[in-house]
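Dumping the structure here so I can ask a few things about it.
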Amino acid sequence: MTVRAAVAGASGYAGGEVLRLLLQHPEVEIGVLTAGSNAGQRLGALQPHLLPLADRVLAATTAETLAGHDVVFLALPHGQSAAVAEQLGESVLVVDMGADFRLADAADWERFYGSPHAGTWPYGLPELPGARAALEGSRRVAVPGCYPTAVSLALAPAYAAGLAEPEAVVVAASGTSGAGKAAKPHLLGSEVMGSMSPYGVGGLHRHTPEMIQNLSAAAGERVTVSFTPTLAPMPRGILATSSAKARPGVDAGRLREVYEKAYADEPFVHLLPEGRWPATGAVYGSNIAQLQVAYDEAAGRILVISAIDNLTKGTAGGAVQSMNLALGLPETSGLPATGIAP
Amino acid sequence: MTVRAAVAGASGYAGGEVLRLLLQHPEVEIGVLTAGSNAGQRLGALQPHLLPLADRVLAATTAETLAGHDVVFLALPHGQSAAVAEQLGESVLVVDMGADFRLADAADWERFYGSPHAGTWPYGLPELPGARAALEGSRRVAVPGCYPTAVSLALAPAYAAGLAEPEAVVVAASGTSGAGKAAKPHLLGSEVMGSMSPYGVGGLHRHTPEMIQNLSAAAGERVTVSFTPTLAPMPRGILATSSAKARPGVDAGRLREVYEKAYADEPFVHLLPEGRWPATGAVYGSNIAQLQVAYDEAAGRILVISAIDNLTKGTAGGAVQSMNLALGLPETSGLPATGIAP
Amino acid sequence: MTVRAAVAGASGYAGGEVLRLLLQHPEVEIGVLTAGSNAGQRLGALQPHLLPLADRVLAATTAETLAGHDVVFLALPHGQSAAVAEQLGESVLVVDMGADFRLADAADWERFYGSPHAGTWPYGLPELPGARAALEGSRRVAVPGCYPTAVSLALAPAYAAGLAEPEAVVVAASGTSGAGKAAKPHLLGSEVMGSMSPYGVGGLHRHTPEMIQNLSAAAGERVTVSFTPTLAPMPRGILATSSAKARPGVDAGRLREVYEKAYADEPFVHLLPEGRWPATGAVYGSNIAQLQVAYDEAAGRILVISAIDNLTKGTAGGAVQSMNLALGLPETSGLPATGIAP
Amino acid sequence: MTVRAAVAGASGYAGGEVLRLLLQHPEVEIGVLTAGSNAGQRLGALQPHLLPLADRVLAATTAETLAGHDVVFLALPHGQSAAVAEQLGESVLVVDMGADFRLADAADWERFYGSPHAGTWPYGLPELPGARAALEGSRRVAVPGCYPTAVSLALAPAYAAGLAEPEAVVVAASGTSGAGKAAKPHLLGSEVMGSMSPYGVGGLHRHTPEMIQNLSAAAGERVTVSFTPTLAPMPRGILATSSAKARPGVDAGRLREVYEKAYADEPFVHLLPEGRWPATGAVYGSNIAQLQVAYDEAAGRILVISAIDNLTKGTAGGAVQSMNLALGLPETSGLPATGIAP
């Protein structure tokens, strides 16, 4: 089986990463690549690391250029996916790496994005309860946000097992690629190297409602999330520290048991052996989420540390994993379980 | 007035930083510099950035070499300060940048450090309630840990004003200099660049009891602290995200009011204007702590973000500030209010 | 004596650095600060590290706002300095940190900058033969480019002493602040962290004619310079490797002797002891140029390695040093001989 | 065909990288992994990015443990490969990633390494004239040094075509992984981040005679090389600036023509289109060498910029490429032509 894939938004970081993965996918043939303002340029001038595609010329992002593919990956600014998807036909698999179709609650969408809600598609985090089945055979996939991927994998098992009070506190550090490729002064190398800073403090980050949605679903009750994202001086990676008050009867053994069981069969979620801690450097370029759990007895809290590559498992890897499931391919096809280090 | 200062442990990062500050202090003359295994070497070979002291030769750390100074800064491995201090005489100001005399509770010390408790000295964080008075005229000072500096400045006002429940959650990122200059594989540039990782998760970090001590004192009741430190790919800086559940009646206005009042007259604590966020890059090399507060209404939590330079306000700057107070010098002498950026 | 100083272009990197230095200058009072598109903003929003000036509001860059100062520092895009300088009057010291008045040869200027030549001012690198005298009492100063500072200090003594053939080869690495604060995609943190790349290869960089001018003057004959600049993943610093074929009779001893003599009395040029090598990290934030020389016998070449902070000795420190000379102040006033490390 | 491969020295950076590549090689089965002082440990504790091998336990490096494989990769400290290789039998392919068998001249070896010369094996840089044929079917391969890979690819075509005078000047920047995983103070993250520094200046670096050997062979006459390596604040990558005086009659067109022809059919050497420049970030994790040429007419010099990943094309990728040739596999098997960016 050969799957013909198009990528809309191929000049950005998410688009580039999905191409890096598709290039090593044994059953995918890379079709049309499109861009907005970069249409007409050689890909080699914009993504020089993708040497096998250097001579490809970027088309404009239109329904016409994207027609005739089995799968179309959308890496577009939020608000633009619905219009494109509509014209692609229901038999084409559309994998949206943007935010448009992640939230089930239209009010949440409108509050955080300030525009009408486009709808809700099956959610591309197969490790969540029930998610894998919804992806199999689907022709629409909403790829999760990078932070919600790291945080939902970290806390969903605790909530599903009733270990934690429904008030989560999350602080996460992200590499700069999470902020995209548009040139903004505060993202200059001179500004970010040697510095850490927070943003979207106090519940303002757009990924907050997505975390609340996932954790509430796991818990079977409304979970609040205090989420603080920070910008770290590295190009890739998310390290999330997620915690919640433990419910009575929880101890370190029970906590570990729940996580071992939750992820025993997951190819891309790796609960580290006791005594070892996640590091974003260990998952650089891979589709792996590293996890470790701890129970702080003095503070009465469950802690889960998770590390992912924001562009791989956090975006493009999650997208390809969902494509595999949707098309009935082996779930791990084309997805590196090995990082690049040091 | 000229103060003659010795530095024991001048070849390490804390020792080097206190020398950098003393070099620009108008009333200090730098006396003997000592080291452990580096004794006998030129300082220029070990701290090439301290050009004016390049030809100084390091003496051994003994009571004899340290005699005859008005102030002695100790930058020694923990457990070694008491023996040196004892021999220096009670009229000499001893400023310990190590951990030995920070904790009031001997049991806490023994649990976290595994050795007998040496005692408790006045605590060198003058911005805490009551601390400044205890430092004035003192001849012994325990300089706070770097993380406790960032976190205590962040949360003490909230606890002192009764705004927060006594369960704090803290996640902080530190530059690598906080781990010292001893060569360890996990601190190699190859390992830390491009990566973030946690350590001492679950209440194991030795700075935890110090935070609990400070915040409990401010609150007037026992405060628990869930503290997760992380290592960030930068040489200097701590960014701490500290939060706690808000008590009834708290809102954003009340929160800001409390912090404005708490730090209105502090020369080295800067509550940023609304809408702006701390960054470690903005306090690089300065003695400033940048703070910002937020109230997350949906999660019901108070958040305080603080940024310091771990080696300056977090160690050597705090040491010099305390020296100034102890000796009756202007509190700000020799201490930069300006960072180096970008 | 109190000198009243204005800074035009105070929101950029050069402007910010000159302010950092002036803040610690004992005889300078900081007057008006101006900007282009940032006029009207608080400095604290643009240069948060300059806390003592946080509440200053930026004026527009006009002759009126800049009037009434003893010295005006210009940190403007090239081509704009002449118009401003003309209106400031001949008794005001104007220190131009841009390129406009560095070159003596109008044809060179026009070839590299593509606009009419504005003139030639005394050159602010006092360590070059004859330069100090020209600066004393001057009311106009052209601050050298950052690369020419590093390279001219490295090779001028060899050429002045007739040690080297007139064909220099220079490869230098610069931190990203050398490229300024304007947001460009290739300067994003995501792009520069973890990567090195060259630019302006083959003699195209605008600093090339300035190096040729300085080295030719030292040699008393035309010197060619093959100059390759590279962008390094760090915010500050230039490390230059400069070499030339040795003339007959040169050996390691003679080479060292020439450099020891050349810089014996220079407060800001530090020839390292044998066996030690310059590092940009050792001059971070200082006005020091570290130098080391080597004679490669097998290749028959003289090598000089130099390290400076591009924003300090390479721009704003050189500017303040020249101001000191022009105004008859101690040459070292306000200029750090100490770097910040690690 | 399935090739069974052992790796001696699997806990270091070169060993880890060859494993990363072998994991994606379609015809290789990974056999025994050995180490020195780390023998007995799980690989997961030392190379956490190699998840599929996490539970492998490291054996001691002995002839017995390494027996029974088709190919043995040696990533050992220099001087140790000969003893191991001798015992492995002549039918086993031994690929030495150390220095022991690279140099043809025993005197060169002894001068730079201070020990007896072990011998000379076919040189694993197939892109050099004649090298590919010598590798085909060989049972011994000496993998080139990382710097000589970058520099020989850069200058060999110019020398082979008679374009350049036999005096090369090379300045190269390397990521810190080139210095290995042994913990040394000057390689600490605190020391290397934000700093650049040279080492082995003046012809002292051990890779110098290897460059001279390769370029002299290409030129058909003795070529001198003035080589200055510098340490850059990044984990991986080499950017080399190599130049030489042009011989009469050379111009930009002729230069480009020679390089286009030299590398037209090479899968892993990519001469960039005119106007684009190599960046180490574009070859991160790939086996690609990016090249660009320039002719500086004013200085009369040919310049070649090359960028490689020091651990991939510069070490482990070169090793696998040579293995492929030696065993008659497709030369590109298991070798990424795509980098990871940003």
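Letters A, B, C and D mark the chains as written, and numbering starts fresh at 1 in each.
Assume a contact is a pair of C-beta atoms (placed from the backbone, for glycine too) under 8 Å apart; a residue touches a chain by one contact, two chains touch by 3 or more.
Per UniProt, the chains are A, B, C, D = N-acetyl-gamma-glutamyl-phosphate reductase.
The structure presented is a predicted model; accordingly, all values stated were derived computationally and were not measured.
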{"item": "Pair of chains joined by more contacts [C-beta pairs], A-C or C-D", "value": "C-D"}
{"item": "Greatest separation from subunit C - chain, by CA centre", "value": "A"}
{"item": "Between subunit C and subunit D, centroid-to-centroid distance (C-alpha), Å", "value": "37"}
{"item": "Separation of subunit A from subunit C, taking each centre as the mean of its C-alpha atoms, in whole Å", "value": "45"}
{"item": "Numbers and ranges of subunit C residues touching at least 2 other chains", "value": "13, 176-177, 181, 188, 190-194, 233-236, 279, 281-282, 284, 342"}
{"item": "Graph class of chain-chain contacts, one of line, ring, star, complete, other", "value": "complete"}
{"item": "List of subunit C residues in touch with subunit D within their complex", "value": "167, 169, 171, 173, 188, 190-199, 201-203, 224-226, 228, 230, 232-237, 239, 241, 243, 245, 277-282, 284, 292, 294-301, 303, 305, 307, 342"}
{"item": "Complex contacts: residues of subunit A adjacent to subunit C", "value": "13, 175-177, 179, 181-185, 187-194, 233-235"}
{"item": "Residues of subunit D touching subunit A in the complex", "value": "13, 16, 20, 23-24, 44-45, 47-52, 176-177, 181, 193-194, 235-236, 270, 272-273, 276, 279, 281-286, 288, 290, 336-342"}
